[in-house]
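Before I ask anything, here is the structure I am working with.
Naming follows writing order (A, B and C), and every chain is counted from residue 1.
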Amino acid sequence: MTAAEDRPLLSTKELTMRFGGVVAVDQVNFSLKSGELRCLIGPNGAGKSTFFKCLTGQLKPSAGSVLFADQELSGKTTHDIVRKGIGIKTQVPNLFDGLPARENIALSARQNNSQRRAEEITDEMLELISIAALARRDVGSLAHGERQLVELAMVLAGQPRLVLLDEPAAGMTGEERGRLATVLRDLAGRMSLIVVEHDMQFIREIATEITVFHRGRVFIEGDVAEIMTHSEVQEIYLGKEANGAA
Amino acid sequence: MDYSLVVAIELLRAVAGLVLIATGLAIIFGMMRVINIAHGEFMMLGGYTVVLTTKLGVNIWVAILVLAPLAVGLFGIIVERCIIQHLYGRIIDSLLATWGLSLFLIGFVTVVFGNTLEGVSTPFGGFAIGQYKIAIYSLFLILAAAAFIASVFFALKYTKSGLIARATMQNPDMVESLGVNSKIVYMTTFGIGAAFSGLAGGLLAPISGVVPGMGVNFIGQAFITVVTGGAAVVAGTLSASSVLGSISQAVTFAAGPVYGDATLLFVALILLRLLPRGITGRIFTRSI
Amino acid sequence: MLSKVSKDWAGAGFVTTIGLAILIFVPILFDLFEVLQMTQYVVLSLFALSLAYIWGYGGILSFGQAGFFGLGGYTYAVAAINMGQTTVPFLMAIGLCALFAAALGYFMFYGRLNDVYLGVVTLVVTLILWKLINHTAGPEYSIGEARLGGFNGIPSIPIMTLPWQPDMEMEPGQMFQYFMAILIGVYVLLHVLIKSKFGRVAISIRENEVRTGLLGYDVRLYKLGIFTIGGAIGGAAGAMWATYQTFIDPNSFSLEVSAKCLIWVMAGGVGTLFGPIVGVIGLQYLSLKLGETDLINNLIILGTILMFLVLLLPKGIFPSFQDLMQWLWRRVGGSGGERTP
């Protein structure tokens, strides 16, 4: 861990997203230190995905700001944000189905590397995620979990400083999930990661710090052990609150 | 004072014209996401139905209001069964296939009926407002357009079939499990859209004359109106027709029909640029 | 499948060789009338390439390629009549069309227009051009010495000269070879472009636009580039058409021309460069033969072919043919057909 990194790598200030009359993200103040791996959890409709999309530029926030390494991100286009060093894996896998896995990853590496270097990086990624066997297969023919892994390789091939992952473990077999967890744990420290997830088992395998969203706000933050046993967190998931959350 | 009244009527007539031209296409596009390029030819077939049957002695009102929509509606059902039903979800392919149908129909009608302009005399006559003459038929067309919109709105919002149709478009699987045959819904909807196109063609026949290639003019305007209007059938058609029709008619008054036509296209371009999903993609989003 | 096509250097080389052979031998082996006929195919093939590229390798479906065709033709005509030479006008036609494409592309892609709506805009713009040019019949509508002529068009357009022989109009044989050289040159250039980083990104845009943006590529800029290239090529074809016919009229802006271009590309196969050329030759030849017999109306044929293609061969004739060949190969050869999983 680099020392003296007290300034957060990513932070949001009063970040708000409104859709018509609905406030999906409500004045959220969030911060992430360099090298951290943070999980975002919360019941359906809590605003995690919306918050995620504000970070990726897929949505333009109604108010507030997003700062990455002291640069304002809100309002920028997605490709600008990616170029600043942020890798994005969307909830629905977004890949080039008609191209082989290798090409998919190479395209990502090629964005700011020469052809030769891009090939090298592609090989590294295939090794890192142990998917070298899939390299020549058209992505469209792969199983869902394999596609998720290829997409992860694509994202990492861009050599980002911060990786945003929306439900990366969805649809994976136990073995694939294990592989994913190992990769993510290893990456933490070298990179910073924000992972939106539902799968509690998986979270336990990778997380140290968790942020819980509820009704568009940050409900509570803390480490895994605290959060998992927190009675109120369990309540919001079970919807026992007096105001009848969804 | 007289002049403003005449201008108002002409503006309304322009808007009404667009409503008539666009409604059939709007029903099919708005409900089924199918782009029927042959829409102009459906109108042409309606026009020919009127011309032919009146030549055979049928009363013009029966020809326009009954035979035209009936003939074209039935034809539409045949087209849906043979071509369209294979192309749902394939928006570009449906566009290309219906383009092929359009070319085919123009060619076919040219071969059978020749290329000369046929005519039907305009019913009613004119009346005077001050020193200006207005064709009564213009007023009739305005009423017809209003009837188009009203009937579609009423049918979609207040009848059981309308509800079923809307539900099917949203979620065909769901509707199947409620015992509705979605294929029949699609078929009927397309047929009704075609019938409206045929009716519009019949209504406009006395004014525009009937040639095999007349559809080409209409499809341009209809297409632009529908796409500018957006996904909502009634609100989209109404809003787009009003904006495009009135502005282009105003320019026609000032500078002639060439500029008027060009203006319609320009305004549509600007609207699409500002509202990439059409008017009802941004405003009146939840309307019918 | 798409990667197989784009990696096809051998195929491109093969096509180029055949093209060169045609270039050299046709004027020797065929008579004047046939050479003229084939020149037509060459020009229209170039036109088809413009759409084949932007659609097959960029995912941009334009319903108004005729806009560039007509614009190129008219620009060449007006410039050639005024300037007394033809090389600069040819370049002007290409340049003006590229500019126009860039402007229109900026309007569309930076406005986030997609799919259908994009198609509508290209359609509308071409319609506007057609309407405007159609009404320029009076003598007051002229640029320099060239009267635009409205629906009558512009007659007596100067025939192109070879750039290094500005005083000698080309003979039909030379024109065929010159145009063929241009067609081959553009074909090769496009292949090089497709294999480059630009081309690979363009294909990825066609595959998944969202993901391409998520990798940091500015999709709007790429689409703009692709569309501009398509416009330039379309404009070149238009200028060549104007000189071939020594005549241009608003019909070159028409919906029918845009439709034909679409049909050629669809018939030949979207996603290949060679297929649409086959489409042009096949369909034009078919129209010619059927036109001679005067049996069936041209539109009926076009329409039926289009419906047939969409319903039965949505990938187009050429890729379907490729698929058929592959299937046969596997059945006959048996070995090596499967890729290792």
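Throughout what follows, contacts are C-beta pairs under 8 Å (C-beta built on N, C-alpha and C of every residue); 3 or more make two chains touch, one makes a residue touch a chain.
Predicted model, so just to flag it, every value in this text is computed and none were measured.
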Contact graph of the chains (line, ring, star, complete, other): line
Between B-C and A-C, the pair joined by more C-beta contacts: B-C
Euclidean distance of C-alpha centroids - chain A vs chain B, Å: 48
Computed distance of Cα centres, chain C from chain A, in Å: 44
Geometric centre distance via CA averages, chain C-chain B, whole Å: 33
Overlap residues in chain A, where contacts from two or more other chains coincide: none
Residues of chain A that touch chain C when the two form their complex: 56, 77-79, 82-83, 88, 90, 94-100, 103, 107-108, 110-112, 115, 136-138, 154, 158
Touching residues (chain side chain C, partner chain A) in the complex: 1-3, 197, 200-201, 203-204, 207-208, 210-219, 339-341
For the chain C and chain B complex, residues of the former touching the latter: 61, 107, 111-117, 119-121, 123-125, 127-128, 131-132, 135, 255, 259, 262, 266, 296-311, 314
Of all residues in chain B, those that touch chain C in their complex: 35, 83, 86-87, 90-93, 95-97, 99-108, 110-111, 216, 220, 223-224, 227, 258, 261-262, 265-266, 268-269, 272-273, 276-277
